[in-house]
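Every chain is named by a letter (A, B, C and D) in the order it is written, and numbering of its residues begins at 1.
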Amino acid sequence: KNENNAQGGGGGNKTFRVAMVTDVGGVNDNSFNESAWNGLQKLQQDKGVEVKYVESKNDADYVPNLTSFVKDGYDLTWGIGYLMGDAVKEVAKKNPDAKLAIVDFDLSKEGLKNVASVTFKEHEGSFLVGVIAGMMTKTNKVGFVGGMEFDVIKRFENGFKAGVKTVNPKADVVVVYTGAFNKPDLGKQAAASMYDQGVDIIFHASGQTGDGVFNEAKERRKAGKTVWVIGVDKDQSLTFGTDVTLTSMVKRVDNAVYTVSEKLLNGQFPGGRVLQLGLKEDGVGIPETTKQNVPADVLAKVEEYKQKIINGEIKVPATDKEYQAQFK
Amino acid sequence: MAWLLSLGDIIHNTLVFSTALILAAVGGVFSERSGVVNIALEGLMIVGAFAGAVTAIFLGEGAGWGDAAPYVALAVAALAGMLFALLHAVATVTFRADQVVSGVALNFLAFGFTIFMVKLLFDGAAQTTTIQHPLSEWRIPVLSEIPVIGRALFVAYPTTYLAFLAVAAAYFVLWKTPFGLRLRAVGEHPRAADTLGIHVQRIRYYAVLISGALAGLGGASVALTTTSNFSHSTIAGQGFIALAAMIFGKWHPVGAMLAALFFGLTQAARTIIQVLGLAKVVPVDLINLLPYVVTILVLAGVVGRAEAPAALGKPYVKGGR
Amino acid sequence: MNGTDRRSLQTRFMGLFLKESALVPAVSVVLGLAVGALLMLAGGYDPVAAYGALYEGVFGNLYNFGETIRQVTPLIFTGLSVAFAFRTGLFNIGAEGQFLVGSLAAVWVVVAVDAPAGVHALLALLAGGLAGALWGVVPGYLKAKRGVHEVITTIMMNWIALYLTNYLIRAYLKADAERSVEIRPSASLQADWLSALFDDARIHLGILLALLALVAYYVVLWKTRWGFELRAVGLNPYAAEYAGMDVSRSIVSAMMASGFLAGLGGAAEALGVYGYMAISAIFPGYGFDGIAVALLGGNTPLGILLGAVLFGALNYGANTMQRLADVPIELIRVVIALVIFFVAASGVVRTLVGLFRRTKGKGGVTDGVAS
Amino acid sequence: MSEYVVEMRGITKRFPGIVANDRIDLRVRRGEIHALLGENGAGKSTLMNILFGLYQPDEGEIYIKGQKVAITDPNVANALGIGMVHQHFMLVEPFTVTENIVLGAEPRRGATIDYAAAEAKVRQLSERYGLKVDPRAKIRDISVGMQQRVEILKTLYRGADILILDEPTAVLTPQETRELIAIMKNLVREGKSIILITHKLKEIMAAADTVTVIRRGKVVGTVPVRETNPDQLAAMMVGREVAFRVEKAPAKPGPVVLEVRNVTALDNRGVPALNGISFEVRAGEILGIAGVDGNGQSELVEVLTGLRKVTGGEILLNGEPIHNRPPRAIAERGVAHIPEDRHKRGLVLDFSIGENMVLSTYHKPPFSQKGLLRHEAIVAHAEKLIREFDVRTPSVDTPARALSGGNQQKAVIAREIDKNPVLLIAAQPTRGLDVGAIEFIHRRLIEARDQGKAVLLVSLELDEILNVADRIAVIYEGRIVDVVDARATDENELGLLMAGSRPQGKEGGQ
């Protein structure tokens, strides 16, 4: 029925075991939980590691779910998503012998040697898709749809706005926060309003809410209008097709989970440290499929900015404050 | 001009959000006019959304029915709503359970059961895949080209037109036909109806089933148009707002429709406010609570003690006194 | 021992538990679990393994047991909250929102006001309770003065609480994560000695407060003047008015007390389990489960305790059920919903029991012959 | 064809704890008015509900026009030509007269109701039988008398030729009653047969051809009306000789205790119910308020006890204003109140008898102290009242719900009289009770009077008012039409006053 528990308990005690606990989004969330699980499944295929997940139904479940794996003697337990930061911290404190890791949250300053943190520089990748949007908009109006006003999502927004403004100072960026990551209807409505207002490209960082953005774009396509969506987290053209997906801001949670777990296998667990994955580390970026819709000259420009960011020439704003400082 | 464009947009979005509310609220009118409180509207919508989405996915993609699938899905959703409503009818009409409590239980049940089923059917995912053949908007030829009004009224999902049709049909049935007269009599004075040979329980069954069908359609209208999938958040409170619309609309289909349109507007407003750039003035979280605050204000200020059907909430005991 | 003796002993023993008042809830629980098992079979899961894992997840070790108590604690509060309102003839679906504002107020007070240990926690708890009470005033007032049905207003108040607490945390209390700053330890309800007893589980002093609240619930409703009024209003508002009671005031004060209990639960949860309050797009769910608890417990103190234990255990054990038997956690939601449904439609249960008894009666004869 | 249109043989119907009908035989001839006489609770309505298919008999057979039938529901009864006008009207308030009449048998045009045809039919019936109604009026806007005509039209519309009228005169003035009797006679001339339920002897003498008397679920006898008289019927009905008058000494009125001046008030729908009502009650007298139901009696009692706001005028108790004060404040000044509906107002049915006995005094010592209830004091109080007023209950802890109606009422009366009030308001204190209980209560009211209390007795039963009250104020459309001396008036005069007409040559007021 599902891939969970692919390798039943028993067998030799030497089997390496890695588990993950999802936040309330669940494992097949089309987003980072799913991406993380993909990383673990790859690990299973490549290295014969036993992997397992549980889903949490509310905040109170995080700690016991993590603790259960720890108590079962798993070699590494992942907490997926910024919502689990506190829970991972607490479990790590109470179980100094267990190893844990967290995605999207930085616990490196807590002095916990048994926790590895992974965060992403979403603003850097968002800057690149901002460049694409800024150069390709016909109406000089682009949009951003966010889920909730979390710091992570703010990084998407500010990076994107900076990218747009850098290449096209005259362009407007309309911003809407729907207040939810799981309401496609709100995403669709937001997209409809934006497109009606003349926006032709929308970047969303809103989980399933963004599905609604794609649905609206598809409907407009059917009616013969040219509108685009920029996907998030993974290559969303694979789900929604290249006719509406201009590009995606890919966040390689799978790679991160895979790499950190693999390091533990090799005895190099980055406990107590944070891995900040940006353009340089290939933690964020745009997928290959982008070239189907984005012309070469634009892609060249993107590559140029990418290099500038990597070598530090450009510092992409992550917060509202940083953005305002640069673009007043 | 931009302002006028927004107006068309606001009306359009209002209609999109109101559709499900209208269908469910009219469903509520049937049930409550017959004397059965239907707080299970939320659960009925959930079941309808689930059945609609799953049918559309399996027929549309699996069985290759393509764009015909969502229309069949609507019918299936209505049926599923009726089946689920049957539980409410059995509990409240036959076994005289407390109608509010039964409704609350069914809301819980709908929520747990549908997600459980989704996980079974979709490989452990908490939401269905995206519906590849959802309902598309109908563009009424010529009329949809009229500026502003065209966008506002003549580009709309078929379910929106269905909702207005349901209002007209409900009015006709409840006020022009013998069945409607009997249904309302049963909700006002079941014993009087009984002495005239009207089968009180049977009428209440019909009424609750009709409300199930309409609420099911309402739920499906969300899944098949705006969300294009089903998850635990597809229906998150719309059933209760529909209930409020029904009360606000004084248990009358037209009143319920107007109230639903009003609530749809408050929902639409929260996006419009941001698109128009007003979000800088009001924080998003505060905009989000607008529909709920407005609902309370409306119930408090305008409705007051509305006249509910006299026998509403009271189980009928044949031969009792 | 011969057959007759055994049977009479058995019936006497069953009689202890199957008093008419307890029969329906008990059978409902069994029915709920049975239908859950059928669903699992239909879905290709192993119900025996699943319920085994559920049991394991509750009683398997001290940690799980302590965490189950942690899960039970807020349910006692919200169950009491809903039951208190029921006793006054009101259906409070708003415990959820009252719980949220209770959490927020407690955290806020701890952050904003300094006080010595002990006093600090009391202040925070009081603030949480009062915030919940405030949240109950609105539906109470609208019901009393404008006749607006409290079911709708409390549902609306829930959403308002959800978005408003998010906003307030973000605007005034935000830490570096998506949550409020942490509370000062002087106001924590965590107790090392208690956690240590349960292998570091997050059981906290809130459970003692909850048990106290149960006693208070009983005393207030059955031993005080106020309780007399509230119950009279709940059972017959016309008679209460006739007898000179202020029905409107009773309704408002009952909703406040109900909100107070839920708010207290929220405060205890924030101070005991987390030490902060998170920004969340969804409800914690304790308020809704409180409805189930109150219904199952028949609004009696002992019943509420048992109901909270049952639903808390089901909810917490569901995690282990998922982990060990792969059964989706929603199954437990279905079971809980079915239990409420059967309790509400007690006629269904009685009919089923009647059928059962009849067939059982026939079976009993052959049984007797055989032994 | 049989001589009898209705023949019920050996009908038995049991309810939990009571045999409502015990092997009852009833035979009704074609074209007669057959009266069914019995005390409250004798089983009359039950028997007729069986005939109409609302209840199923446990035993017995029914023959209609000689055919054995099983009347499984009202549809069957309708098909057999049986129509029933219920004791409590079965009308849908927000519907029109026409809608109520055609409900369940609507004329159609296509899928819709043919309202034009329906109205025409109603008009035609209404003219043929002299039952004047306005087909388009809403039930809630028309008088009780007209509502009753609608009920009769409902049966005629369905083609009934056997009409059951269950206590049709309870809500009518004597004059309206005479009109109804004329209508009934007209109906039997048209070939209908009528079963008339009542416990009023005079009506039977005036209207019926035959009478069957029922006592405690059993038939006592069937006699032609020509061959009997009221005294004999009363004895049959009650099972012993009845004294129609309670013994009482003349009143010795003292100072004015209650003074009501030009009080106006609205009813629940916001329509004026009291239109400047004025009267006074003195210490040591019983003032009876007589009137047809719905003329403001309920509202009057409510404004006096603080349950309803006055919109004008004043109410003085011992010279001090009490209008628009909360119920408790008024009670504390010494007003006790036996409410007209003991189930709605008088008792919390799920509270124990003990709790009900302190329903309005629980907040005072010795029943509570410092906010806490004192259980022993509450129990002791209840036990005392139960003893004094002979309330039959297994224990103080028994819920009020489990007591019989009469004992519930005794409990309420005990509680109120025990308060030792200056003014005792008794609204319909004997409704639905048997003769024994009625006598007991009447004696208690007179005792209270003799102790110098002011007593206001509001009742729909003219007999009760005539027997118990010292002075009688007649209420009509929210006003007192006249106040008369109980010893110097009769049913006829009161009837005219109750219909709103002032007898010639008399000045109104006190």
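Throughout what follows, contacts are C-beta pairs under 8 Å (C-beta built on N, C-alpha and C of every residue); 3 or more make two chains touch, one makes a residue touch a chain.
These figures come from a predicted structure and were not determined experimentally.
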Average the CA atoms of each chain to get its centre, and name the chain whose centre is farthest from that of subunit C. D
If you average the CA atoms of subunit A and of subunit B, how far apart do the two points sit, in angstrom? 35
If you average the CA atoms of subunit B and of subunit D, how many Å lie between those two points? 45
Rounded Å distance between subunit A and subunit D, as computed from the means of their C-alpha atoms: 76
Which residue numbers or ranges of subunit B touch two or more of the other chains? 120, 124, 285, 288
What residues in subunit D touch two or more of the other chains? none
Going by the contact rule already set, what residues in subunit C reach two or more other chains? 43-44, 163, 166, 170
Provide the full list of chain pairs in touch. A-B, A-C, B-C, B-D, C-D
Can you name the residues of subunit C that touch subunit A in the complex? 43-44, 61, 63-64, 67, 70-71, 163, 166, 170, 176-179, 200, 202, 273-274, 276, 278-282, 284-285, 316, 318-320, 322-323, 326, 329
Residue positions on subunit D within touch of subunit C in the complex are 305, 307, 326-328, 331, 337, 339, 344-351, 355, 359-360, 362-363, 368, 371-373
Listed in rising order, the residues of subunit B that touch subunit A in the complex are 2, 5-6, 8-9, 12-13, 16-17, 120, 122-127, 130, 134, 136-137, 139, 151, 222, 226-229, 231-234, 236, 268, 270-272, 274-275, 277, 279, 284-285, 287-288
In their shared complex, at which residues does subunit C touch subunit D? 223-228, 231-232, 235-236, 238-246
In the complex formed with subunit B, which residues of subunit C make contact? 39, 43-44, 91, 93, 138, 142, 146-149, 151-153, 155-157, 159-160, 163-164, 166-167, 170-171, 288, 291-292, 295, 328, 330-338, 340-341, 343-348, 351
